[in-house]
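Dropping the structures in below, format is structure tokens.
Presented sequentially are two complexes of chain A, the first with chain B as partner and the second with chain C.
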Partner chain A sequence: MSENMPVQSNGGVADLEGRWRDIYTYLERPGPLANDGFEPGDQVKEFLHTLKILVIGAGGLGCELLKDLALMGFTDIHVIDMDTIDISNLNRQFLFRASDVGKPKAEVAANFVMKRVPGVKITPYFGKIQDKDEEYYNQFTIIICGLDSVEARRWINATVITMFDEEDPETFKPIIDGGTEGFKGQSRIILPRMSACYECSLDMQTKPTTYPMCTIANTPRLPEHCIEWASVLEWAKEFPDKKLDGDDPEHIKWLLDKASARAKEFNITGVTYTLTQGVVKNIIPAIASTNAIVAASCANEAFKIATNCATAMNNYMMYVGDQGVYTYTFELQKKEDCPVCGGKAIKVEINPAHTLEDLMDLLMDRKDIQLKKPSLRTGTKSLYMRAPRMLEEATRPNLGKQIRELMEDGEEVTVTDETLPISIQMTVRFTE
Partner chain B sequence: MIDRRTQKYDRQLRLWHAHGQSALENANVCLLNGSAVGTEILKNLILPAIGSFTVVDGKAVEVADLGNNFFLTQECLGQSRAKCVTQLLNELNEEVEGKFLEEDPTVLIEANPSYFQQYSLIIASQLPTSSLLRLADICWETNIPLVIVRTYGLFGYARIAVREHHIVETHPDQIVDLRLDCPFPVLRDMVQGYDISQLDSMAYGHIPYIILLLMCLEEWKSVHDGKLPLTSTERSQFKDLIRSKQREDVGENQNFEEALAAAYRAWTPTKIPSHIQDILQDSAADNITEHTPTFWVIARAVRDFVTNEGGGYLPLAGTVPDMHADTESYVKLQTIYRTKAREDCAAVKERVKSILVSSGRSQDAVSEEEIERFCKNAAYLKVIRYRSLKEEYEQCTLTGKKIGNWLSDPDDNIVFYVLVRAADLFYERMQRYPGAGIENVDEDISPMRQCVSELLAQWDRPDAAVSDDLILEIVRAGASELHTIAALQGGIVSQEIIKLLTRQYVPLNNTVVFNGIKSGASVYAL
Partner chain C sequence: MLNIMSLKKKKAEGGGEGGPKKPKTTAAQIRLQKDLGELDKLPSTMTMSFPDPNDVFNFQLTIRPDEGFYKGGIFRFTFKVNTNYPHEPPKVLCTQKIYHPNIDLEGNVCLNILREDWKPVLNISAVMVGLQYLFLEPNADDPLNKEAAEVLRSNRRLFEQNVTRTMRGGSVEGVSYADVTR
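So, the complex of A and B:
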């Protein structure tokens, strides 16, 4: 497209003197609302143009973020995404075309922005965030997340916060996180151990709608109940060895037929293909506008944090666009006993006559830590470990034992879970 | 099974459905100035498949445009900005047709005011005040929705001006219309025919809470002269009455818990909300002609329904929330509500037809689906009549009174509206914005402060204060257009345009100011 334009090897582009006029207006002038330590001039420009920034996710938010960062003068951008492009992405993920369906998002998005914005280097990685280690994450100055899963957010949050060594300021990485749903969204800044982290606010997460099993099995009333019956119970019965794939039209069609038959039997109306897919995949409505708002807010904060040219948001913004325009910006409070950034053990109270299994259930019910498959050990022995298999078999009998047989009142127990890259310390207090 | 277009637009169809989509696809918008914020707005409209767009811009692409506008490349330098951005925007969606006009919008507004009549909506980006006011008059006279947008440094501004915008589907969190205090005959008969003493414990634990509330309320009214529980003592007595129906042999009490939690619905009288009453009585629904918008035709039919068949009530919505119940009783209840809603709606449809015929239109001029949606949402309608830009700018005392009140809070974002207006005043005098294109920023501070004072005096609020820090900060901004603010403001404005064009959800009334330092938006009716 621009072959006749010479690109210098240092990433700067000839003939584009004055391209950053609008950004430099801010970076060359002092201002009363600038952050402490802001020094206008060449140094801050150079820092902006050379620092490494990571974008996690190349979907709805990711596409916007890459564009936004490239046009705010960031020139060394990395992007991770494990997904390939689906047709339903095209209504908002504007770096993709119909001919890109099936290709890796990170690579297509990176190439597009590099081609459009001269001088920007975007390094894509097509894979999981868990593939990368601390050394990889340590190379970045700022990390921005445009993710759609709670688990990935928890993982990156815990990884980046655990990496922070207070004696080595280089290991301090601000995380900027965005999310959207329909006309609503939010953006936030996480400063490791200084401000609330993702884990501190885990109980703010709205859990996906679930339906009681007895309703699904015995008293369906809504079309959703019939769909859940087909996907949870009937599928497993019919195809015990096949994983249900919400993107496979054959699978959805099979569920649709099953659910429709059940709905007919119970005189329930409203089972459709769209609803079936929506329930099975837990589809969240998404539009370009909302992604634009949230991603731009994240990129704007990244620009302010990188340059200090103005103070950053403190520290959470909600955007609600369905009934007028409404935002709420507030300081989300750090939790002292946050298992990731608090450094204090969480407290659990239990009757010592109860069993270890009861304690496990108690932990899994807690909205603030949300464990799926916890393993437990004290300082001296394993209480229950899910892996390896030998250890699981050896510790399984403990599940039925009373707590008082296994530990002392006030003893510290270490909890690990596959959803978390770190362990949680827990103090168990006995109640009588 | 499912077509490609439905797949492509699946994530948005879940928000505004097929009829919202077709409204969007029938729209034809015009953007004045292919600025960074302008192209960002269009991007967010082209992706969901707006019908068509036109970019009007007389400028040639400058090097600084490449630093904030994603829809330009190096080879565009020196070429028409209208042409270049349109070309790259057109790549976003093959279903959308984009055109361009190489003309300075300020010239076009003066020379050819009738040009704008062909569009469903006009977006004015980064336009100077004098042209803007002229354009606003043209749009107001010809009844074309106008959306104004500005980015200024780390700040954003947008304003909607439409004579009248009405919304049927405002999308409340839930539609609740149970008529517990005034059950219609079929519902009352159903409850009276319900012999709960015969039920086994399983069935008893699955009586829908609506039935429980209706039964208890009937019993309550029979010993209280037909009155609802009014005082707090009566209300707790009513709750005790509900509790007294619980049976020892029934293990599960979820339906009773739901009944107690929803007890307030039983003692809240069903009535037409006053803002809905205002809409139904609006003079726009008095004399229906062949040009009356369909919204007002249906509103008139509903008004007449309420005073006749409806017996003082709106047409029933017909939705029943999910509740702990066995399938049969729930479906039966649902059928009763739905049937009654269909009957109410049929009556409204008849009225619509006869209104249409007597006003000289075909009786099918309003679709059945539209009437059905109106009836279902009758308690949640909304009509917004915006203040015109002319009124905002010319009725200084009123505008100033509002602004003065907001300004008394030093943290309020209204100050950025004042500062951008002052910068416009500065521009009128100097033909450049404060702090723009100069080396020494300090020399603009005092003339800018002067502009702020004059504006405040014009508004009769000479005492109102704007801090020196903020004046300095706005001079520092030098009218720069940062891409993040363009993208953010572009996102906000495109959401608003989608709401205006689909006539779903509620658009802002009428001004939004975004503060990119603290990160937050404030809305003002100016």
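So, the complex of A and C:
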């Protein structure tokens, strides 16, 4: 896409008769691969064109996703991203131009696609996913993630899964998660409480490369050791109260000088500014084609889930592109004791004038959950912790307090018990 | 197989209430609550304390070794757990300046499970046991305090004397250490 190409004005859908012809091929007739419940016809077309879909991340995967979805018939797309455009994004994040550097990714990407694909509405939000509450996420039918961190994925996974209320089908939001790292990529589908969630498979995440503390302190052999020495040990010594910011050129420069001096002392070569920033921010070069493949897979799955015109993937696809092209699809298993989706959700009604101890008795009496030594916390408060001893002593006075002093009506309480592999999310409703 | 469209239709026909709920507990918090709730049988050599009982992400551990070079000392550590736990290990620092081959003068601890060998199946208890082990068996092969490690390797008698002296606030080679007997 060159900058000089004529861009169609937003002339409405009428002058684009037949634009969805190829898409409709899948939606107007039954097919051997279609799901049992698939009903071809106008209704499913209408559903595709009107449902709200959320794209999280407007970076390498996000740009591809927005383009793919807009061209596939999704016309009500929302996008959320907290970043602004950096010059190093331009090689692969093709919705951005040099003149966009410094502007919010979500807004620039939304405007570009809206200008290019008439009739598509993209609503950007420039900010963190954590800024938004359940009400925001509840408006979408499908959520697609093109994120770059484990932390953000865990957050959105936990948020979307815990907001699913089995009595309210509307709260069921499939998550499609794409991820790339160099020539490797993956896409997966998370169906809240039906299939493995992100937390179920947390153990399989590779963690950032770290080096033994003693190696970086005493026997450095690699330029990375020198940089880690500077960033882990020296920075904390020099600036005990300042947090290291990998995006601050002054911080990186300081590390570079320290690391270079150390490298010289140990006859190590290869400490550069780029490497320093790479080690500190744990950068792995992004490959445009990997993003394109993974995003295509995610968009494809979104289309299948939305229309039911074919069976969706079950449930994880890995792609390895550094030695030929290899993909493998398999089912990640749900973990019974997963802290996010393995737990049980229960509702308890209690008079707020009763005490926490009464609430505990009520819990212990329930036959469906065999509790022996429960510990209870809200999102911000330790109500009663059975152990360790000091926490038990600090929270014991709460047992005699009235429920209304400790929580609000509708408060979510997490219950754990050492005899129980899972945790329980309890919603406490007041009877008054 | 799931049919999203029919889920939506069911909704349109009515049914399903449930207003907005309170903010949810994070996965890290749930896991940490579980880890901590299981620490009801701490060995007599360890005590934990929580400056703010509502904040389970920050706490302190005190170790009183009952044998080995460091018997008689009281060693204090701070634990900082972040919201990416257990994907990331807790950050542990020794708050005193002590003479130990695997702990530097700033309190950084060289324990494999705190860095390169951390796995999400490990927990707070594993880290606590690991720290205690460092006092029973200081390891001269993975030094953070090179001088102390060298003494331990070459002259255990001298190492023992150095430990005893520094634990009472004495100094070794011009470096003075914290009194850890109180």
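Definition applied: the second predicted complex is superposed on the first by the 328 of 432 C-alpha atoms of A that agree within 3 Å, B and C clash if a C-alpha of one lies under 4 Å from a C-alpha of the other, contacts with A are read in each partner's own complex, and residues count from 1 in each chain.
Heads up, the rule we're going with is that contacts are C-beta pairs under 8 Å (C-beta built on N, C-alpha and C of every residue); 3 or more make two chains touch, one makes a residue touch a chain.
Given the structure is predicted, the values throughout are model-derived calculations rather than measurements.
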| item | value |
| --- | --- |
| Partner chain(s) touched by A:181 [first = chain B, second = chain C, both, neither] | neither |
| Touched partner set for A:135, first chain B, second chain C, both or neither | second |
| Touched partner set for A:299, first chain B, second chain C, both or neither | first |
| Touching partner for A:311 - first (chain B), second (chain C), both, neither | both |
| Contacts of A:257 with chain B and chain C, given as first, second, both or neither | neither |
| Which of chain B and chain C A:340 touches, first, second, both or neither | second |
| Which of chain B and chain C A:36 touches, first, second, both or neither | second |
| Touching partner for A:169 - first (chain B), second (chain C), both, neither | second |
| Chain B versus chain C as contact partner of A:283, first or second or both or neither | first |
| Chain A positions touched by chain B in one structure and by chain C in the second | 311 |
| Interfacial residue positions of chain A with respect to chain C in the complex | 35-37, 43-44, 47, 51, 133-135, 141-142, 150-151, 154-155, 157-159, 162-163, 165, 167-172, 174, 191, 194, 199, 202-203, 205, 207, 210-214, 217-218, 232-233, 236-237, 305-308, 311-312, 339-340, 343, 373, 375, 377-382, 385-391, 394-395, 408, 410-412, 414, 416-418, 423, 425, 427 |
| Touch list for chain C against partner chain A, complex | 1-8, 10-11, 15-31, 33-34, 36-40, 42, 47-50, 53-54, 56, 83-84, 86-88, 102, 104, 106, 108-112, 114-116, 118-121, 142-144, 146 |
| Sites on chain A touched by chain B in the complex | 1-2, 4-5, 13, 15-23, 25-26, 29-33, 64, 67-68, 71-73, 87-88, 90-92, 94, 97-98, 116-118, 182-183, 187, 219-222, 249, 253, 266-268, 273-274, 277-278, 283-297, 299-301, 303-304, 310-311, 313-314, 317, 319, 321-329 |
| Residue ranges of chain B touching chain A (in the complex, touch as defined) | 1-2, 4, 6-15, 40, 43-44, 47-49, 62-64, 66-70, 73-75, 91-94, 153-154, 170-171, 206, 322-323, 325-327, 330-331, 335, 435-436, 441, 469-470, 472-473, 476-478, 480-488, 490-492, 494-496, 498, 505-509, 512, 516-521, 523 |
